[in-house]
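The two complexes that follow have chain A in common; it is paired with chain B in the first and with chain C in the second.
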Partner chain A sequence: MNYLGIEPVRPRVALFSFTGCEGCQLQLANHEESLAEFLAAIRIVRFREISSSEQGEYDIALVEGAITRNDEVERLLAIRAQTKVLVALGSCACYGGVNRLKNSLDPAVMNREVYGDLSQESLPTRSVGEVVTVDLEIPGCPVSKPEVERIIQHLIWGIPYSFPAYPVCLECKQSFTLCRFQQGELCLGPLTRGGCRAICPAGGLGCWGCRGPAADPNYPEFFAIARQQGFSEREINERLTFFGGLEVTP
Partner chain B sequence: MLFRIVEKMAFRSLIQLLLETTQVIGPRKIAVTREGKPVHQYLPLSGFEELELGYDTTDIPAKSYFLPYEENLSTWSFIGNDWTQEITYRLQPRVLVGLHACDINALLKLDKVMTREFFPSPYYISRRKNSFIIGIDHEPCQGGFCHWLGTDSVNRGFDLFLTDLGDRYFVAIDSERGFTLLQQVAVRLVTENDTADYLTVRRRIASGFAPPLDVRQLPRLLDMEFDSEIWRRWGAKCLSCGSCAAVCPTCYCYGVSENVSMDFTRGAKVKQLYSCTLKDFAEVAGGHNFRSARETRLKYRYYHQHRGFVEQYDEPKCVGCGRCGRSCLAGINPQEIIGDLLATEVPS
Partner chain C sequence: MKLNLDLNVSHLTRIEGHGSIRVRVVEGEVREARWDVVESPRFFEAMLKGKGYRTAGILTARICGICSIGHCLASLRATEQAFGVTIPPTAASLRLLAKHGETLQSHWLHLFFLAAPDFLALPSVIPLLESRPELFHLARRLRGVANRLSDLIAGRSTHPVSLQPGGVAVIPSREKLLILGDELHRSLEDISAAVELFASFRIPDFIRETEYVSLKGEATYPWIGGRLLSSDGVEGAEEEYLRMTNEYVVPSNSSKWCRLSRPSFAVGALARFNNNFRLLHPEALQAAERLALSPPCHNPFMNNVAQLVECVQVTHEALRLLDELITDPQGEIMAPVTPRAGVGVGAVEVPRGILYHCYEYDAQGYILRADCVIPTTQNNANIHLDLSALARRYAVEGMSDEHLELLCSMLVRAYDPCLSCSVH
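And now, the complex of A and B:
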């Protein structure tokens, strides 16, 4: 018997890495309890963290990392031309991620700071979606493997996947986690899309917004609350710009 | 209802006795806020010393033990061309000790919803019936307004209910199993002296409340104020985070999703408590949303609390515990909203 009467097809999946830490790729090799089933449900044709083999064409391209060089642009355009479905995987691919921080600074100074005298070509950071058309964005730093599994299932079934509309706060309450604001800390939970099971606040760290905005982020009220709780404009904006997915104080 | 007196040492023995065989859940201190205020949560106890009956309130209501935030309604699997499912209910009894009147009144309201004649919830009933409830009287908590709603005391819905008389508890008994349990320790009949002390304590508690607002007009006022600017003003502050409904002891709305195994042969129907203030609460097929505006969603939450529920059950859904107001970072709170509807100041 098949789920919803749908015969599962095994899509050919390729993973590609651009500017980033490759932590999202690593996440896909995690969640061992269902790893064998995950690898049986799809056909991996490129995944350099688990295999050096590269085989032919693919249906789904999972693209992680931000775009910061011309050769990356060319490589990404070629992937877009080949794949049926292009998925931006992780906050770098979706929003530019921490790499985007450099965009507000002098490129020459940045280049010298990082490469010294061996200056390298480096473009302003762009998300994958700012370079090519993206079919689906899976945010997170790193992505959540259980969420990736659910999304892959929906791609196999051909049913649209809905991300949680609610912000992180709901999951904090539902996991009995104390509000970080109550502990005197800044937290982007009220703005940020849930679905991460609020693991950072549960671990004692206020949210940094890696999953981008929830369905109806109330920025003006959030700014008012954060200011009223004693956080400076600079602290709030540093936090909001960290992953590149949220708006900044006007 | 029967009444007995139990010395505090005997009550301690009773809890210790229960702990030997049964899960006992009660208010435990888990943290302090940055203002130095202790934070309590209803949690399983490993010893009597962890039980802090003098607590002010909890962030999370006792609801979570009856309507968990997330639960598996059914676990299913395919077998050849057939399928099978497994459903589990709570089988083991347990004790919840230290519940305030608001949380017990909330359970009485949930009973009305969950144990109706048709489609009662077996999940809820198995937890409710298996929970032995020991309530306790307390001084008015910070930010509570139960006395507006008549939920500052409770006459049903518990097994035992304690009032602290200093060295002893005045115990109201509302079930046979409550009476039977008390036989395990030394109890005595109530004397005139005990009754006098009980009334003194009750008077002291009642005098600790600020004058209440009259909420009896609310169902009518809500109809009159459907287009009021009150909703725009408070709605503009709403973060649509659902915290208010999560910490509400009577909010029971939920969604069900399916969690399918990666080999597509097994799965679970998962129920998650949801909130009417969340953006997609009233979203339907085609992406249409009946309540896409924040102010509309917030308004409907208040309509359910103080109007819709009254129509159905002749009483408000709200018990005045104040948890929603305390949990709201934006400071949206029922006292001020009700004050605005009544066009009056909230007494402090």
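And now, the complex of A and C:
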């Protein structure tokens, strides 16, 4: 495979997972139309979920999941020391994701409730970036495979990648999706970074903010409109805190 | 000289999540044979408390990246049972279609990406791209159709968006249903090729008599809701799930264990097949015969084969459902939902076995108490005891650490464990 006579470098990619559902890793094995080309463009050297092979060093570490235990901190530090580029893959890695919801609970009570007398080690949830330096964050719950493919292309050809600055709302307009907010539903589309093709509103669900904030989100105006539409503080807060990537009500 | 074996597999590959195998044989005697889940615990049941009923399905989908549709459906069913909501028949058909897409996606992932490399003596499917591209593309096509089915009906195959309390939020256009039906119909040829491939694999011959638990099918092979059945003769209503599971915490494991009539039981494709084979589609029965699977089967390695038989079953069911949606005029897809205080249970057969969600709600529709019992949690004790029996059976002269490691790893993989789920 070459482009304009230039042979691209096939970066060595390793995948690692921490606290989470492994759904973002799975996206890399999805998008079947271009799976063969995706696998040909990179060299996967570690992908425990689908491969027993472990080969030497890697250039790019794709790290999925939040950090909630000391052994995870140690594993993550070792990965950071080895890799050139560390990418936080998905909302758990970028923001802590839904795992962050446990940080507002009493750890002892929570542990007793689930495990009784045999309590389990569990630290307050941290994002990958709260533990080590992260070179690139790819948010989403789950990540969008076409977006990951575009980012990997940029990494291969050494071209900087920038995420859309516009919010999800713009993509609803582009795809003629009826506004969930105007239909009386709570929707974080006005605050949340686009790039997901607004598939949740298109599927009949207001946005939950998994991709973190768009550029310059207007929180005060959003709160004012949401309250005006009759949504309670409890509903608004439950939505805003869900993935850990947005500000909560001031 | 007596046989000594020492096996220590930390973070077993080609399974979902982090688990470890430890087998030690000293002078021909099995001293230790363990299966331990070491995945970080996640506390979803505690996080659900205080959440609104519209949040429950969205939050619990995040328990699992592979069977998020199954979790969402069990959650919605628990909520609807608590509120006394009956969803419209068209919504029920659409939900089942989304679930069939997930069953196919998950089974094909397991069969080709996780299990098949052991039978082909490869570390993963990736080398097939060069050595046997036709097999790689077969797997890719089969998973592609499956994911497109879930994407079309549920809005997204991982973490669905259209499955909501009361029914489903949107229905795809007739044209899109026709295209998908056509694609699914054409995949039958690929499924036959997959059956022939697995028929050529030598499945380890290992039997340990086991109790199998699943939903009990009445008129159709069971997937969503209904009575609970064990092959040892225990039967119960959906709400009596605690009597069928008996969860307990074991040291050095972040996942719980379960028991029923014996020290362990099994759930999953093989359990469903053993308990409900009479309700299978003729084509699925034919595939079972071709793959030498006949009930009752007590070989855990045959769970792979049972998954393949279910792929045939689910594809035919999905074709029938699509046909009905295309030919019959479509009615309501959403029932009104009014919160009320109460308890509800949702039992759903997800790819790895029977899954239960149970919620207690207050009058405003906020969760007071939540409980989820996961298929892998129900299988843990059985995997553990199978490992002991397997080690005893194969710890004979001539066995090497490497060969025993392969057999033990294949055994665990055959259960298709999902450890992220199991430590929800």
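Just so we're on the same page, the second predicted complex is superposed on the first by the 243 of 250 C-alpha atoms of A that agree within 3 Å, B and C clash if a C-alpha of one lies under 4 Å from a C-alpha of the other, contacts with A are read in each partner's own complex, and residues count from 1 in each chain.
Heads up, the rule we're going with is that contacts are C-beta pairs under 8 Å (C-beta built on N, C-alpha and C of every residue); 3 or more make two chains touch, one makes a residue touch a chain.
In this text, all values refer to a predicted model and were calculated from it rather than measured experimentally.
Partners chain B and chain C, once the complexes are superposed on chain A, both fit on it without clashing. In the overlay built on the shared chain, the residue A:Gln82 is in contact with neither chain B nor chain C.
More residues of chain A are in touch with C than with the other of chain B and chain C. After superposition on chain A, the vertex angle at the CA centre of chain A, spanning the CA centres of chain B and chain C, is 110 degrees to the nearest 10. Look at A:Leu170: by the touch rule set out above, it reaches chain B but stays clear of chain C.
Look at A:Ile225: by the touch rule set out above, it reaches chain B but stays clear of chain C.
Once the two complexes are overlaid on the shared chain, A:Pro8 sits against chain B while remaining clear of chain C. Within the superposed three-chain model, A:Lys102 lies in touch with chain C and out of touch with chain B [touch as defined at top].
Contacts of A:Asn70 after superposition: neither chain B nor chain C is touched. Contacts of A:Phe38 after superposition on the shared chain: chain B is touched, whereas chain C is not. After superposing the two complexes on their shared chain, the closest approach between C-alpha atoms of chain B and chain C is 12 Å. On chain A, the patch touched by chain B and the patch touched by chain C overlap at residues 40. Residue ranges of chain A in contact with chain C, taken from their complex: 17-27, 29-30, 32-33, 35-36, 39-40, 44, 47-53, 68-69, 72, 97-99, 101-102, 105, 109-111, 113-118, 120, 122, 141-142, 199-200, 202-205, 208, 234-235, 238, 242. The touching residues of chain C, when paired with chain A in their complex, are 11, 13-18, 40-43, 45-47, 51-52, 55, 58-59, 62-66, 68, 109, 113-114, 117, 123-126, 129, 136-137, 140-141, 143-144, 147, 154-162, 164, 168-170, 249-251, 254, 420.
Residue ranges on chain A touching chain B, taken from their complex, read 1-3, 8, 34, 37-38, 40-41, 149-150, 153, 162, 165-167, 169-170, 173-176, 178-179, 181-184, 189-190, 214-216, 218, 220-222, 225.
The touching residues of chain B, when paired with chain A in their complex, are 30-31, 33-34, 39, 41, 59-60, 64, 69-70, 78, 80-83, 236-243, 246-247, 259-264, 267, 272-273, 275, 278-280, 283, 294, 327, 329-330.
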